[in-house]
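Sharing a structure below in structure tokens format, with a few things to ask.
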Amino acid sequence: MPAASRPTVGHYCGLFGIFGHPEAAYLTQLGLYAQQHRGQEAAGICTTDGTRIQRAAGMGLVGNVISPRALEAIRNPVAIGHVRYSTTGSNCDLNVQPLLFEFAGGQVATAHNGNLCNASLLRKRFEDDGHIFQTTCDTEVIVHLLAKPAHQAKPDSLAHVLGHLQGAYCLLVLFPDRLVAARDPYGFRPLSLGRLGDAWVVASETCAFDIIDAEYVRDVEPGEMITITAEGVASKQFAPTNGRGAACIFEQIYFADPSSTVFGQNVHLVRVAMGRRLAEESPVDADLVVPVPNCARCASIGYSQFSGIPFGRAFTTSHFVGRSFIMPNQADRDWAVKMKLRVIKEAVKDRRLVVIEDSVVRGTTTRGKMGALRRAGAKEIHLRVASPPIRHPCYFGIDFPDPSRLVATGRSVEEIRDYLGIDSLHYLSVEGMLSAVSMPKEKYCTACFTGDYPVDVDHPVDKYALERRQLRMFK
Amino acid sequence: MPAASRPTVGHYCGLFGIFGHPEAAYLTQLGLYAQQHRGQEAAGICTTDGTRIQRAAGMGLVGNVISPRALEAIRNPVAIGHVRYSTTGSNCDLNVQPLLFEFAGGQVATAHNGNLCNASLLRKRFEDDGHIFQTTCDTEVIVHLLAKPAHQAKPDSLAHVLGHLQGAYCLLVLFPDRLVAARDPYGFRPLSLGRLGDAWVVASETCAFDIIDAEYVRDVEPGEMITITAEGVASKQFAPTNGRGAACIFEQIYFADPSSTVFGQNVHLVRVAMGRRLAEESPVDADLVVPVPNCARCASIGYSQFSGIPFGRAFTTSHFVGRSFIMPNQADRDWAVKMKLRVIKEAVKDRRLVVIEDSVVRGTTTRGKMGALRRAGAKEIHLRVASPPIRHPCYFGIDFPDPSRLVATGRSVEEIRDYLGIDSLHYLSVEGMLSAVSMPKEKYCTACFTGDYPVDVDHPVDKYALERRQLRMFK
Amino acid sequence: MPAASRPTVGHYCGLFGIFGHPEAAYLTQLGLYAQQHRGQEAAGICTTDGTRIQRAAGMGLVGNVISPRALEAIRNPVAIGHVRYSTTGSNCDLNVQPLLFEFAGGQVATAHNGNLCNASLLRKRFEDDGHIFQTTCDTEVIVHLLAKPAHQAKPDSLAHVLGHLQGAYCLLVLFPDRLVAARDPYGFRPLSLGRLGDAWVVASETCAFDIIDAEYVRDVEPGEMITITAEGVASKQFAPTNGRGAACIFEQIYFADPSSTVFGQNVHLVRVAMGRRLAEESPVDADLVVPVPNCARCASIGYSQFSGIPFGRAFTTSHFVGRSFIMPNQADRDWAVKMKLRVIKEAVKDRRLVVIEDSVVRGTTTRGKMGALRRAGAKEIHLRVASPPIRHPCYFGIDFPDPSRLVATGRSVEEIRDYLGIDSLHYLSVEGMLSAVSMPKEKYCTACFTGDYPVDVDHPVDKYALERRQLRMFK
Amino acid sequence: MPAASRPTVGHYCGLFGIFGHPEAAYLTQLGLYAQQHRGQEAAGICTTDGTRIQRAAGMGLVGNVISPRALEAIRNPVAIGHVRYSTTGSNCDLNVQPLLFEFAGGQVATAHNGNLCNASLLRKRFEDDGHIFQTTCDTEVIVHLLAKPAHQAKPDSLAHVLGHLQGAYCLLVLFPDRLVAARDPYGFRPLSLGRLGDAWVVASETCAFDIIDAEYVRDVEPGEMITITAEGVASKQFAPTNGRGAACIFEQIYFADPSSTVFGQNVHLVRVAMGRRLAEESPVDADLVVPVPNCARCASIGYSQFSGIPFGRAFTTSHFVGRSFIMPNQADRDWAVKMKLRVIKEAVKDRRLVVIEDSVVRGTTTRGKMGALRRAGAKEIHLRVASPPIRHPCYFGIDFPDPSRLVATGRSVEEIRDYLGIDSLHYLSVEGMLSAVSMPKEKYCTACFTGDYPVDVDHPVDKYALERRQLRMFK
């Protein structure tokens, strides 16, 4: 599986934390379940009773790896949890977050979403100072920073430590007596604060609040660190924001659940707006607007609404995954597509289709889908992609493949259209994309589309440096 | 789980068979996978090399219970397979189909979709004659019939035996040297014949052909028995059809995959037509047409197209099932809904919604969904159900709950509307439903809606008689 | 694995039953555990509350396949259980005993130890009469006999049915309201009756009584059938014994646990007596008497005691079995020996050893052990086998390999000595063997040593006929 | 389970290493299997191809936790492995050895047998310096020492680091390009060097050499560090020995396999000698010498030989462990005994028994066994223990319970005899014990018997300090 060959960093993750509820562990399990779309590879929960931290974690879905008995064993009023997307392979149990360490200050558990650009550099320094590392998580370096006596001596050591980090991060840090939530000064990834009765909750996405009937209070602000104790919530701006923000627009396009509110806007509505704008930018005379399952449904609704072309359906999907399907000898180029999607031939035959994709990365799967529609007899295929072409690497937590493998690298839109074997192709413009979101342009990171990086990456620390080095450790 | 308390019969099943392909076992696994929506409880495959039959089967998804090694072990050119929906509990391994028996005529394996109305009666007779039974499958009685010396003496014993069966059945029977596919004279359940190169395939739904790139040839006709051997395909009408047919219209409404062609029509298009008719029958002034996930999407498309009200989205769904979620102490009436659906509050707030359901059975889940929409701020909720009210039991394979638990039993539509807490409610009329399908009215069974049973059920054999008795055996 | 290729019949099994104890299921699990040496392949328990029978069973050790939850689910005051030795492979779940069937008389569960010589013949007749079979257990034919209306009409149908069986069998039959224990008229296999408070217990071996602190009452007699109901215990001689008995002397030599009392004698003491006689028959001048682990310890003690040669130890054993050891490429002839035994080289070097084996079957493993002793520096190796050479097939439940694979077939003792590469070899004489047991010679079956079969086997029904035929069914 | 509540340190472990064999991983699995008696809780293997280290490990038996596929994945010519006895509970995967870390010097994997007395102190210092810890293994502190820049700067940093350690340790350290084996200057635990063709092997016990047909070369000496590279073997005395040694005599009495050679003597022969001396010290007029299974067999042989009283057998044992046995409500004091041992009543009844135990710790199990013999009718029970009374804690790796729970603490031998309910009791004297071993008295540690500690323990670092603190981490 290609997924297994990707290095593991903190990206594609979901966070949840809760302070002050007797069922904190159980609610954390639910909060992670609601964010399972942010990571299915591993899940973990750490809880504290005020004096010591306990942990339950494993590889797999949150509903599988944390048994009712394990949950009962860690039943405490304060908890943080983590779901993770990617992995380097089978021996990575050590990497499952939250990580739990002990240092001079006692116990500390950490859960991280994002990508620390200077993790490799910091790790190198710590190693030179004689420190040892056991995981490939960039999170581990944060704990080394925290444990440093000079940092421990500071009045607020964690705030001090966060000042050393570069890159994208949302962070939950659990001490036996307090829960800290922090968001990097650029605000790359989402993190929200909510309330459930007397308890405080934090989560990557607000859909985690909905499942437990918690109420959204506000976002954790870029550069803000929120400390929750028995005394209440304290906020601190641990780093200044220079006016430039970097909210990852790909959260709006692909990652987040449509029911979530992210960066101040409902994800579904943003996608509908992008779909409308897409219709405005590239109208086409056609019979049906059909989404490529499942992510493009919102944008398709927008396209259909604006264009007046009826919303339709070209595919059905299978959710019944099993472990033991094997590739037959005569390997089939469209294999992956067939296992997940089935074309409704009668709905497609002789029709002129506007097909909506949320985004196109490698292009291979999209090409397979287009071929399937063509073989089913589609008269015309007009692909409309509800985001611009992806042409630049992400250093902040999205695990795009190497630029050389992106279909849009070095190809004009016309060449891509030709590669996909379709009648017309249009990508949403950058301006169109930005028109759908509410903050000013300079508050978003659109670097994967534009190459305009919010921080200096003239000499970018190779995002895979740490992982490549670590691959020696875990096969 | 309520599902676990239901008795097991052959209904809600999917069949697949293939004759004459070196990868028959593997292709059967794929064919079952494509029909996994017809049954996720158990799966099994029997294959033959021309002289002996082998079996691999188990409880669970086909991709989990049949390992690559097991598949390799039964690699033979002829195969039948079965997926099953319901179960009585954990000790039912003996019931997993295909069943494999030995009798004087040698080995025989059977896979069954449907419900034999006279299974209990026949079983009683066999027991009185000294026969013993090991499963609760009505299929077992078929093999007893087949093994009877008087029947074995007939020129075509299986055809003779099929004449004894009453009720709904599609049947695959595998002998070491031949594969037989049969469909009851009323044609309750679908069964199609296809071709893959030189091999012949049969399946409950044509989507199983698509996944292996097989070509649809024709339906197995009511009362027809098709025998596939090395010599080719032979057809025989084992029982006359009296003009009355009984194609289960609920296959079109709910069971079958939208990509399948069933009873001569594509399922998606039938549902779209039902949705259009629904709009025609009960127009409403509203802002959005939203489907209740996931089945009502096709009908919603139809409603939107006819009414001109934009297609929208009110829910997102979770497919990440885990084993270990437990009900919290403070049980929540909308728990089940919340775990599967999330309301997109911003899409719903202050909107006048036309909500489309494919069908309403107990009404409890629908009520939960309507409540969730209301709490999210929907201004008006107009539920439109793309099928008539279900008020009568099914004796032919659909596992509706006891009539007393159907929301429509003894309630007027207005009372149902009141129970669901919505602004308006309309069910598709029987005529409207029938207008969407292509065969004459008398070729369908609509008994669950109309009480008009295609066969005499004045003294119906209690459909659960067999299972209730058997419950003693398997706890 | 060679073991996996053996057909499955009832032989090498352990039985346990209990009537009238609130913890019957739990005590049956213990009773089976104590008899686990009689079968590790599969285990099962059936219980009844007086009206219906329930079942829990599976492949593997009794402590693994029957979970506490499953045990709780079948908590009833009456139970029977079964452990089984051999298997034909991985798809044999259907064969796990007790088997549970339904017939006109209601439910019946059966557990069987032995080998029915006429099972194949009877099965053929039933099949000719139109009956179907689902397992390869000869037990299934007993239930067909029982279900036959003509037999059901008899005053005591089960006793009548037992009269039809030929061969070796101990049988537990559980009806919803009674437990029946029966032993064939020759008494091939052991079966004992015991008491635990007010409850009655039956078991293949008395060690099952010890573990639950039950008291041994008496043996079930050859040809006796004991029926236990709420009213108490009733005995019936269902078949006459003709004076000839056939207690399997191999139970004394190898099968039974040394702590059990079998056929009226403690197994350990019988083996010690055999060892003493062995020393008397074949004295040798040596330094140490060492048993081949683990079965020959009792006989070694006897040999040492009679000869005065000190008891010693040449091997240590490993009990830590794992699943994933694989044969290295350079396969090693003594591999199997090495994984289980380690030679204590210092105890063996330059010593003259009397090595005691309980029996020698194929000879390959013994040869490996002798080679290991030789390589460790043993000066002389004098093998003494505490039973005569095995040269004849068993038709009554012992799964010896084909006679052509027995080391003693067609070889003189001298030739065997040469094959084993040792200095001297002596087998216990038949007379010596019989001198250690207490019943008259004609009460034992010694056919595997003498060819003197207790019943006419001029035209023996091939013991594998049934299984070979069935192998078509279960790969 | 009491076992689960014990803290985890390196004690009760088995080590294996091999350099320069294509099947190193596989042979390590075998070498660990042969030493499985030293630890069944967890197993792990690290291998290197000369440039990077890989790891496969898990909780359970080596044959279960390392699959053939995992073994294949780490197929490299150099390997170390570890089996571990004790555990703190279910979430201890992080503690499974070998541990694998990365530091400035690259990768390093460590496997440890013993107990570092100053681990807690060193850990405290590192934590004060800002280091973080992730496991409760004292091994982790060794890697921190190694990673320290001041130590890295030394010509032979590992040798330098070993000088910091106090306590008992045998250590395997794997770098990508070399394998180091070291033994503490007192030589508490055994470690041997062997040869297999061109490859070098090291193991805790020589029985690991036997299973792979490797040849014993010599012991790794106290204070010696052996470095194996492609260039060959280099030896270095990293610390002086002051004449005092501390070979753990409990290895001879209980831990090691009888087939192993430990501290220059075959274990079996040492135990036989102890048994002989025991007979000499405490003769008794009796009928039989019987060992308590399984460890006392060697000593029993010695006792029988010296005394002339016949060797006999009073128990049979069960090796069929299952997971799901549960304590019945009416808990039974002799439960644990009954599940493992069965008394051969007929061998015991009316006999005067000399019962041999290798050692008595808590006394509860021994008491249960004596009671079982008594109830079986033993006329006299004379317990002879082949080691002195255990009255003092071990700080060097043996996990004796708290002294207050030792049966011999504060009890005279007569009081112990009374507690055990037997006729006479004799413990082997310290002199007798020492007479059976070959090195001078001052080369052994007999502290658990004598309180004479080989190193100053006036202010002993509490052996559990580290673990107790860590218990907060892992529930």
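We just call them A, B, C and D in the order they show up, numbering each chain from 1.
Throughout what follows, a contact is a pair of C-beta atoms (placed from the backbone, for glycine too) under 8 Å apart; a residue touches a chain by one contact, two chains touch by 3 or more.
Values in this document were obtained by computation on a predicted structure and should not be read as measured data.
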Partner chains that subunit A and subunit D have in common: none
Based on the averaged CA atom positions, which chain is farthest from subunit C? A
Hey, how far is the Cα centre of subunit B from the one of subunit D, in Å? 61
Interchain centroid distance [CA atoms averaged], subunit A/subunit B, Å: 38
Can you give the whole-Å distance between the Cα centres of subunit B and subunit C? 48
List, in ascending order, every residue of subunit B touching at least 2 other chains. none
Taking the touch definition from the header, please name the shape of the chain graph: line, ring, star, complete or other. ring
In the complex with subunit C, residue positions of subunit B that touch it: 51-56, 70, 73-74, 90-91, 93-94, 99-104, 107, 127-135, 140, 143-144, 147-152, 469-470, 472-475
Please give the residue numbers of subunit C that touch subunit D in the complex, ascending. 23, 26, 29-30, 33-34, 36-37, 40, 61-64, 66-68, 71, 207, 210-211, 257-259, 261, 266, 268-269, 272, 297-298, 301, 304-305, 310-313, 315-316, 318-326, 328, 338-339, 342-347
